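Take a look at the structures below.
Heads up, the next two complexes both have chain A, just with different partners, chain B and then chain C.
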Partner chain A sequence: MKEIQRTIKYEADRVPGFGREVMSVPGCEKLKDCIQCGTCSGVCPLSIYMDHSPRQVMALVREDFKREVLSSCTIWLCASCYACTVECPQQIRITDIMYELKQRAIQEGFYPKRFPIPVLAQEFNRMVHDHGRISEGRLVTKLFLKTKPLEAAGMAGLGMRLMKTGRFSLKQENIRDRGDLARIMEAMDAPASGGNGKD
Partner chain B sequence: MANGNGNNRTSPERRPRIGFYVCHCGVNIAGTVDCAEVARYVGTLPGVVLSRDYKYMCSDPGQELIQKDIAEYKLERVVVASCSPLLHEHTFRTAVEKGGLNPFFFHMVNIREHNSWVHTDRAEATAKARDLARAAIERVARHKPLETKRVPIKPVTLIVGGGIAGIHAALTLANAGKQVILVEREPTIGGHMAKFDKTFPTLDCAACILTPKMSAVGAHPNIRLLTYSEVVKVDGFVGNYKVTIRRKPRYIDEEKCVGCQDCISACVFKQPKFTDEFNEGLGKRKPVYIPFPQATPQVVAIDSNVCLNFRNGPDGSRVVSDKCKKTCVEACGDRNAIDFTQKERFEEIEVGTIIVATGFQAFDAKRLPAYGYGRYPNVFTALEVERMVNASGPTGGHVVLRDGKTEPKTVGIIHCVGSRDKKTNRWCSRVCCMYSMKLAHLIKEHTHAEVYNFYIDIRTPGKGYEEFYNQLLDEGVHFVRGRVGEVTDWAITPEEEGKLVIRVEDTLAGVVRRIPVDMVVLATGLEPRSDAQEVRRLFNMSCGSEGFFLERHPKLAPVSTFNDGVYIAGACQGPKDIPDTVAQAGAAAAEALSLIDKGYVEQEPNTAFVLEDECSGCKSCIPLCPYSAIQFDDARGKAVINEALCKGCGTCVGSCPSGSIVQNLFDDEEIFSEIEGVLAYE
Partner chain C sequence: MKYGYFPGCSLKGTGRAYEESLLPVLRHLGVELVELEDWNCCGATAYMAVDEGKACALAARNLALAERGGFQQLMAPCSACYLVLNKTQHYLDESPAMRRKVEGALGTVSLKLSRQTPVRHPLDVLLHDVGVEAIRQKVTRPLSGLRVAPYYGCQVVRPYATFDDQANPTSMDQLLKALGAEVVDWPLKTKCCGGSLTGTLPVAGLRLAYLLLKEAKKRGADAIATVCPLCQFNLDAYHDKIAARWEPVRLPTVYFTQLMGLAFGMPAHTLGLQRGFVPLELPAPTAA
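Presenting the complex of A and B:
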């Protein structure tokens, strides 16, 4: 039998100020203008899989339902095709808002564990941050281990064979002067601004 | 007080006794400007014998205060610091005149629109108000007595546009016994309304209620109907406009044609072959045609672009070739109404007032490629469907797909096409919800199809409109709240094969849906006509940011424009439905009537005049005058300004190399003293 759950939202479910905070980020201001027409969901190629449609995400942000938004799979399914941003009659930069929400979800640890998209984003960022360069083999392996550890173990044999023939490498590539990069990254991370480039 | 400001200036021999009033305007001014301080300061200026602050100067007690003070304090000049002169200059001039002074011994200072409404710092706003008041005190002392002139009004009204607005305004004026000249660009009057089948919410037939009014216009002794004509030039001023009208050749003598249409059946083209504009391109017509059966005037027209009796001339225009057998002329016989020698003519008329009722154009649905108009044949615009449901339309009242025979089983009507969208038109077109529901009803009635309405919000704020919405819900029409993402022919499921699929979020159900339909109807919005800017310039009007003609005041002068004697009515002012259009047309006619029955207009005396002794006769002012008000007197070798035509713009004054043109109310002494007043810091 279908389990019956409470769906009502109380004032305590809101995080007052969350909507205002998101809408104060450059590029996200127009969210205030949303008329809830649903064009974004109508054009979104992935809206058919989303738990909340992009339109609902807009409404939830504006009404401060932080937990619901940040734990939604919608923001991670967004493939940034920008169709919604192009078609929105209020010219809301919906894709950019999705990016902002993804950042916040990672920073606050809200995202669904083992969900590959945020893990990939994080590992990608970490690799660029530390080494200045992406080593694909290493990145994919890390992603695999973190999201599907058991399946990854089963692929170990194939990986070894590929490595032997020189088609796959776990070697970490680096840029020449990593000291400079570290100083740049340090300077970027230093100010207490909200956006620290962890994407 | 630091009165070192005025000592080194040429002062009038004796300073007149000046009274100064500063208005609080409730909190509009007093909220930002310290009015008591302004009054105190101005009271210390030379010549000021009385300085007051008062809550509402424009109120009756405020005006009476001025009159009483003039007598009691023997005031000779009055300055009021309040709102824009646009609003109350006339009020105060009248008060000053009632007090026994020349009304031009008055000057008004705008400390509301130019000060309190645009500043936040109270100290600075107060200082600015002091400066502006000081400038006015300096200036008003040098004002000279002036007289307003009365100019008679020609009791003839020009109405531009023969849609329902123009028709209604014309009949209202003509029935009041006034002469009307109605100019229409197309070969017939009727406008958009003539194309409609039924009208919401009562569903009465558009032709049944419109055509009697059209024939009344055609037959009215007080209305001169000029169809197939356009206004090309407007000169003059309120009460005395000179208008040039281009009469395009229709190659038919309107006096002789009786509308028998024998020529149409006799035309060498046996079948109609050319796009019929009246039927939105769904039907065909011949080169000689009458737009629709009840056209007014009942006169045919010949389209020289497709008629075989014309060929391309050397400059691209169409010239008579005389190559056709001219079976039409034969059929016309002794009536001799067909005249291939007609040329474009220009006619000049003189009118006193003008009503502009040029209407709207429908949004071009091709601008929204996601909806597939022009790409998928079975995507229609609402006007096309409107013609199809009409019994005298191209399909004889059958709603069919583009193949001309298949009746649709499912129809999707998409609202807000080109409306409420910042990428196209931001405004709500006001009529689309209602006409979409009307079409939904009519389509269901004609075809028994399932009809879906896709809407953002249903807007039914009118008498009987919400009830009509309820009726539609009862009839089982589907309403899906969501703006359509796209229309596509890409089928995913078997039931979508061969259909158009509408992809939309059903925002109330909270799911994305794909709905296959046979026919898509786009409820296109209303927008300004593409030549609205040229028309605006022609009649010296303004346009709002959307491009519709701008009314003088959105609430209190909704049919007036900034050009006196020119009124606007109907959808050229903004999207509106038939009831609102007719109401506005009546209002515009009443405004014109009130001006005509008054008989005269008062002209501002701020005109320019030439100091004959100093004029060198260089003629540099003559081509610069935007109103052609300056003539050259050859006998005396001097420029002469026609006061009746002068609008007081000051262009000639600034351009005169010898400084021999002076403008009343703006002579050098007045302007320089005002400048010195505003710049004189303590």
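Presenting the complex of A and C:
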């Protein structure tokens, strides 16, 4: 049977300060100027699959509905095509706001488990962090085994054809100065002197 | 003409046909590319989704390597690399605190960012540095009768590119015409191909690839020309799945550099054309 859900939000659902916090991040400031025209939702090639349209996400962030935004699949459906960003009449960098929300959703563990997109983002980063380069074959294989093990077999055909055309390899690519890259990343983790890097 | 060359991970993997065609074509036009020593992954769309600061530092290491190598300009053929490297420069310019932090981190390994290194796409270089006329002069086997839909995708024209129009880019159109091809007018030039969603969420991602193929076919295209390894992959590798879900829309998708090579008289196998799933068929040369 269909479950009944409350569709109207309560004041108590808000997390006061969330919107202001997001709007203080460089690149996200202009969210305050949103006029709710819906151009972003109209040009977004993926809005038809979203639970909240981009326009709604903008409104929800501004009104502090943190949980609704961070657990929404909208932020993960954004493919970073930047159509909304260039079309927005208020010059709001919607794609960058989506990135900011993705980061927060990962940090705070809000995304649906086994949902492949955030898992891909994290596996991707781990590989870059450790090796400096992406080996696409390895990355995709890992992703499928982690999120859709049953479908991995169905992808074998594609893998074989790619291998035949010389486009698939499980070999891990590496940069030479991996130690340098690790030191750069470590330095980015250290607290900044005189600022949090997000002024 | 000499440029630092940032291939990116895809041009060494699934998109290697792009590199295989780009290098000889540019050499033929007198453009010298020198691969950036020890370059690392640009971070693409995934790193920015996890950690903004590290994403910046990752891309900035490449810019610093270009500076250390003495390159005045850097060429990035992959759309994601092109966007991320440009985006990082914009971001560091706009956020002094982030710049201080990134410069400090690069300093721990004696790298520095003291100047801007323009990051350019091959389309930009071919059109504005080499010039359409010089390209036309190299054509020995015009692509007459081949109807091509020029597909720019998203991240080459949005939001940082200044070399072409964001809504209706025409640089590849001009290039293809110079090769003798017939350019198909279609409205989806800059629509998203589905990006990495074709793998992670096929129901949504593949639909976008399907719509592009369907429209190009409807408009009478024999092939789609692309500038990005992910676009090429999405439009070439999933025909079986697309046919099973919607309808067959088989159409070859090739790199614009492969078409240039063919028009310059280079053999198909030296341009990586054997790596595509849907083979490109050229119309028989018409008798003069």
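Note that the second predicted complex is superposed on the first by the 171 of 199 C-alpha atoms of A that agree within 3 Å, B and C clash if a C-alpha of one lies under 4 Å from a C-alpha of the other, contacts with A are read in each partner's own complex, and residues count from 1 in each chain.
Everything below uses one rule, namely that a residue touches a chain if its C-beta (ideal position, glycine included) is under 8 Å from a C-beta of that chain, and two chains touch if they have at least 3 such contacts.
Because the structure is predicted, anything quoted here is derived from the model rather than measured.
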Quiz item: Regarding the shared-chain residue A:Ser71, is it in contact with chain B (first), chain C (second), both, or neither?
Solution: neither
Quiz prompt | Touched partner set for A:Ser80, first chain B, second chain C, both or neither | solution = second
Practice problem: Answer with first, second, both or neither: which of chain B and chain C does A:Ser24 touch in the superposed model? | Solution: neither
Quiz item: Regarding the shared-chain residue A:Tyr99, is it in contact with chain B (first), chain C (second), both, or neither?
Solution: second
Self-check item: Superposition-derived comparison: chain B or chain C, residues of chain A touched
Solution: C
Quiz item: Both chain B and chain C touch chain A; at which residues?
Solution: none
Quiz item: So in the complex, which bits of chain B are touching chain A?
Solution: 370, 416, 420-423, 456-457, 481-486, 503-507, 510-512
Self-check item: chain C residues within the chain A interface of the complex
Solution: 9-10, 12-16, 38-41, 43-54, 57-58, 61, 91, 94-98, 100-102, 104-106, 108-109, 111, 154-155, 158-159, 166, 190-192, 194-197, 199-201, 203-205, 208, 237, 240, 274-277
Quiz item: Given the complex with chain C, which residues does chain A contribute to the contact?
Solution: 26-27, 45-46, 49, 77, 79-83, 85-86, 93, 95, 99-100, 102-103, 106, 116-118, 120-122, 124-125, 128-129, 132-137, 140, 143, 147, 157-158, 161-162, 165-169, 173, 175-177, 180-181, 183-185, 187-189, 192, 195-199
Quiz item: In their shared complex, at which residues does chain A touch chain B?
Solution: 35-44, 47-48, 53, 55-56, 87, 89-91
